[in-house]
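We just call them A, B and C in the order they show up, numbering each chain from 1.
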Amino acid sequence: MEASTRKLWLARQTAERGITFEDEIRPGAHYEVAVEHEGQIWVSGQIPRVQGRIVVTGRVGEDVSLDQARHAAEVSTLRALAILQARLGCLSRVARVLRMTVYVQSSAGFTQQSEVADAASALLYGAFAPSGGHTRTSVGVYQLPKNAAVELDFVFALAR
Amino acid sequence: MEASTRKLWLARQTAERGITFEDEIRPGAHYEVAVEHEGQIWVSGQIPRVQGRIVVTGRVGEDVSLDQARHAAEVSTLRALAILQARLGCLSRVARVLRMTVYVQSSAGFTQQSEVADAASALLYGAFAPSGGHTRTSVGVYQLPKNAAVELDFVFALAR
Amino acid sequence: MEASTRKLWLARQTAERGITFEDEIRPGAHYEVAVEHEGQIWVSGQIPRVQGRIVVTGRVGEDVSLDQARHAAEVSTLRALAILQARLGCLSRVARVLRMTVYVQSSAGFTQQSEVADAASALLYGAFAPSGGHTRTSVGVYQLPKNAAVELDFVFALAR
């Protein structure tokens, strides 16, 4: 995919979900949303925040359905891609996705963390086709910041 | 250790536990079991799956004993090593183990996550002697995919 | 900051909290506290242990207050910095902090994992000024080894 195509792809994915991250992605007082160093870019844990609001909160399997959790995982992934695009100028600079870790705020007995992660994997796969394959780990945690349903972090390798 | 010795070592470790990963390790629809890039190989989170079945399920400290959890950690580690061997041809290409993260599906009050991880550490140490030392993090999570008792992921550095 | 200034900074931070890590940081039987390889140094998960004792134990939001959890995160971070200083000779060899992951042993309904992580972020930021910005992920887990209130791990990049 060419750079302009990838940019359109990302714009379409966010538009289809009725979300925008415009003017929203800011680092904390002492940390960064992304750090680039010697061919790798590490992205901080992303929760499904849009325009300052966490769009999916609660415990998956109890307050939150599998479909809602998958949507939350997509929003978090799109946030990461928006961060990358803002930082790199262009998603085409990414050579490989080294790792995605998917934390799902789970209820007792909810065991479909992989199915939540699948939604994020499909997006990543599309964003970086034909090199969108990536490793991933998905686990069910007890609590997440701000009662977010999911949190995802990423490590990318850049083309040299 | 020479390449052939390492291959025998891995075959013996799996045989001793009565397990085989033959024809079993397949990527998901959109993700990979391992990604190699510029001298690192990242391995996806491994649960103790053998021939399609999760061999240790349940909550450690409640349904699952410490010994069973240690066995589950070994099986997950051997899966990662089988993935490496299939991908690299030979475990000798690994220069260092940069990180192992051990997620233990824990009951309330179970605090021996390190003792679970020790079983995996001993295997890694043996597999890559004399350079098998590695960093690790072990935590107790609330739920794991498919009710697996443990999940482990890895980052390896390759010899150049 | 010069090397000697950074060393003093670390000594002051530990002294202010009345702690010392002298003769205490030892690897496990099969794993290491840190592994350095090709410009990265990975540090194992650190719990708030001082002179063999875990100084903050219990569940944050229930047994442990936010302030106590923040202190625990600082102690774990200072342990990591002490490990780095011992290993590298000097914190000035660190070029960037690629990742900090903060695991908080949380009670049901505790959602201030980010506020716990903020205490660790402020220390990291100070230790490596003006390049102390870093990525981070903070999650609430169900149990931690030895009932520690927090566990933190780190990936650093070294100046070449």
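Methods note: a contact is a pair of C-beta atoms (placed from the backbone, for glycine too) under 8 Å apart; a residue touches a chain by one contact, two chains touch by 3 or more.
Worth saying up front: this structure is predicted, and the values here are computed from it rather than measured.
**Student:** Which chains sit in contact with both members of the pair chain A and chain B?
**Tutor:** Touching chain A as well as chain B, we find C.
**Student:** When chain A meets its copy chain C, do both sides use mostly the same residue numbers (more than half shared) or mostly different ones?
**Tutor:** On the two sides of the chain C and chain A interface, the residue numbers are mostly different, under half being shared.
**Student:** Could you please state the distance in Å, as a whole number, between where the Cα atoms of chain A are centred and where those of chain C are centred?
**Tutor:** 25
**Student:** Could you tell me which residues belong to chain C and also touch two or more other chains?
**Tutor:** Counting only residues that touch two or more other chains, chain C contributes 141-142, 155.
**Student:** Which residues of chain B touch chain A in the complex?
**Tutor:** 27-35, 37-38, 40, 42-45, 101, 103, 141-147, 151, 153, 155
**Student:** With touch defined as at the start, can you tell me which chain A residues reach chain B in the complex?
**Tutor:** Interface residues on the chain A side: 39, 95-100, 104, 106-114, 118, 121-122, 124-125, 132-142, 155, 157.
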